[in-house]
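First, the structure itself, so that you have it in front of you.
Here the chain labels run A, B and C in written order, and each chain numbers its own residues starting at 1.
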């Protein structure tokens, strides 16, 4: 809008238009967030005895819990490895699909399929494919038993999770990065070619620098995504095992809250996770986002 | 351009081939395994070629599991999520972009913040709210002291209770509380020429007429894109339907599918039937992608900046 | 003349602006208090560089911008606080702003539909306008299927179908190619001659202003520099700004000093006799400079820098005492190899402006 004063000036109509959505958001977004912080300072009394203010007791309890720290570290490790792979692999695919080659069209089609497959469904499928007895790697075990044992070896289970996560994350990141590549003007390629840059070189000198905004965006979203999408995969592939090796924070919160009935503990962990995610997003915008704003 | 890019094109082709195998491989193995018998799988493990038991396994899914009724739940949740998100997002974006209100920026920030903290993170307390959606109101009345007043006058404080757990509304509503749609419509509205709005005003159109006669028809593509996006998102939800519905007949198909895998270790599960279930559960969204791919891609691109 | 022509001619209303101001905040004043009266049926072109406030003025008349102060009267009615639809104005936008999802007919009929006109009457009205604009065969098409000129006509049709008292144009020709712009200019002039609507036409193109306007309103930083007929503006520019804005190439402006009897250039050459003292700005149009003549006044020496041959005439750029002066002359190729020219500035063609304010000093060289 060029000028504010051209807009409609009704007073109540816009409130009426936003109200239903705002109500929903307040009820199912802001109230739960508030409650998570509320319960992290209160202890729920058993048998419906109400709540009791306990100050930072819940935090002290959670922060002295070794399992919490382990789950936290695993979350960070998963976040870093899974999300960098879930951006890097689509990036390579997008650069390849941006070329005018025969496979480019079918690839653009096939690579968005995972968007239609639920995380839990692909979890079920990957649990089968990587099953040590009947799965794709079962022959390895018949050569040397125990090489592939996601049910016993935490690392194997972790790898399975990451493979499934990257599989499900390809469509979004691929589409965004490809759209970024295709929005680079043709003349930019031509200018670089006239400057003597060959097609390989242009990938690094022209294409990658120019899709930094998209790359940044996918990375930011992927970080949050990896923290949350992991739940369906863990619940269907590893159940947090073996021996808690794949218990990330989202899964631990779920188990503590819904199986352990520890509302205060789960809320405290939720509060910590939320602060972590917000700080991470803010940090990314501060340190990465500022440098890559090209006017085009 | 006249240029020798052979080495790059060959590399690119190989990369795309690997990517397509990575994506379609698991889907193919799902299909082939679903077309063999349990005994075949026990003997041979993974099936690399299709067999003749696909229909039989699918029939078992339909007769032995709750997946058929759960598919209906999934459809309701997906459609409800898509329709509600489309309508509410459109209305709120319309109010934010086309009205001169001081709170527009603030409202947009409140809506946009929902993208940062997904439902999976706040599931514990969202469940609490869903178990009595009047609990915030009750708490508000308690805190402000109004309830004390009410108790004095009427003898008892106000305490309303309405659990939306185990209802379709409860399965859908928390999914809708998400800002992507509003963001998408706002971006679209801002690409429309200002003069179009001014022309409509000169023609005498008020806010309601402008919305129905001009904005709505022009937003058709955005609606389609957002609809596809939110339908798929609703269909593929896992954690919320898992906790939001406690009886098998209220759960969604994806949750039902995950429940088919027995928790007990040791025995090899009936993977052919489970895979047949996976095929059935994924059929609707995959079909949607195949038919409406254009809108899906558009929706994904629009939902970024 | 058919019914719609008569109706519009009858509806034509004057526009009176009294003390009108527009400011987004105290620091950014777009239009300081402005008073102007546009007569009923008159074609007024509002001309000025981008950012001069001409579009803001138009939008305030239309009701698309709020006024910060003052009054706007259409006919005898005060309208500054009314909604656009109650002002009796119609507008043609820069990019046409046709509704892309509606057919030509629906586009033109939309305002009538909003106003609640009966279907049959709507169809009749649109048909009459479409016939007048040569759009009768395209009524069922979508704007996307039309050429630029046709879209332009639909935009005009949409505006006049309401039989408005005032017709507003916001740089409607700026996106057309040169040939089409020329054709549309003629069409617009013809249309105005036929329907006689009060028209306010905003542009930054001086050719459009000169050819279309009954009167031109020249704006600079929100202030009226001059409001007069094209002829008067060309021959008697009220300020340096106007002198430079109208005419291609623009009027030459030279700093001169009066010594009591003559005006001298920076290098001391005398260009004219006048009993003036102090600093002035001297203006002369490129076509008024005489090359190698012996007309009244003094001959000055100038060095030739460039020559552009335009076929019908040449434009010479010469260095005169450190300033570049442009001369439009029918002289041909023989000038090419000469480095120095003798120029005459006929006194009757000179314009004198105040050095500080840039305002014209009329009658400085006797009656003009």
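We adopt the following convention: contacts are C-beta pairs under 8 Å (C-beta built on N, C-alpha and C of every residue); 3 or more make two chains touch, one makes a residue touch a chain.
Keep in mind that this is a model prediction, so the values were computed, not measured.
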item	value
Mutual neighbours - chains that touch chain A and chain C alike	B
Chain pair with the greatest number of C-beta contact pairs	A-B
Between chain C and chain A, distance of the C-alpha-averaged centres to the nearest whole Å	58
Approximate Å spacing (C-alpha centroids) for the pair chain B, chain C	56
Chain A and chain B, separation of their C-alpha mean positions in angstrom	15
Of all residues in chain B, the ones touching two or more other chains	198, 201
Contacts with 2+ other chains: residues of chain A	5-6
Junction residues of chain C, two or more chains touched	59, 64
Parts of chain B lying in touch with chain C, wherever the complex brings them together	193, 195-196, 198-205, 209, 213-214, 217-218
Chain C residues within the chain B interface of the complex	59, 62-64, 83-85, 89-91, 93-95, 97-101, 110-111, 114-115, 158, 170
Chain A residues within the chain C interface of the complex	3, 5-6
Chain C residues touching chain A - in the complex, by the definition given at the top	24, 59, 64-66
Complex interface listing, chain B residues touching chain A	1, 3, 5, 7-9, 11-13, 15-17, 19-20, 22-24, 26-27, 29-30, 33, 41-42, 45-46, 88-89, 91-92, 94-101, 104, 107, 110-111, 113-114, 116-130, 133, 136, 173-174, 176-177, 179, 182, 194, 197-198, 201, 206-207, 210, 232, 235-239, 242-243, 254-255, 257-258, 260-261, 263, 265, 268, 271, 274-275, 278, 281-282, 285-286, 288-289, 293, 296-297, 300-301, 304-305
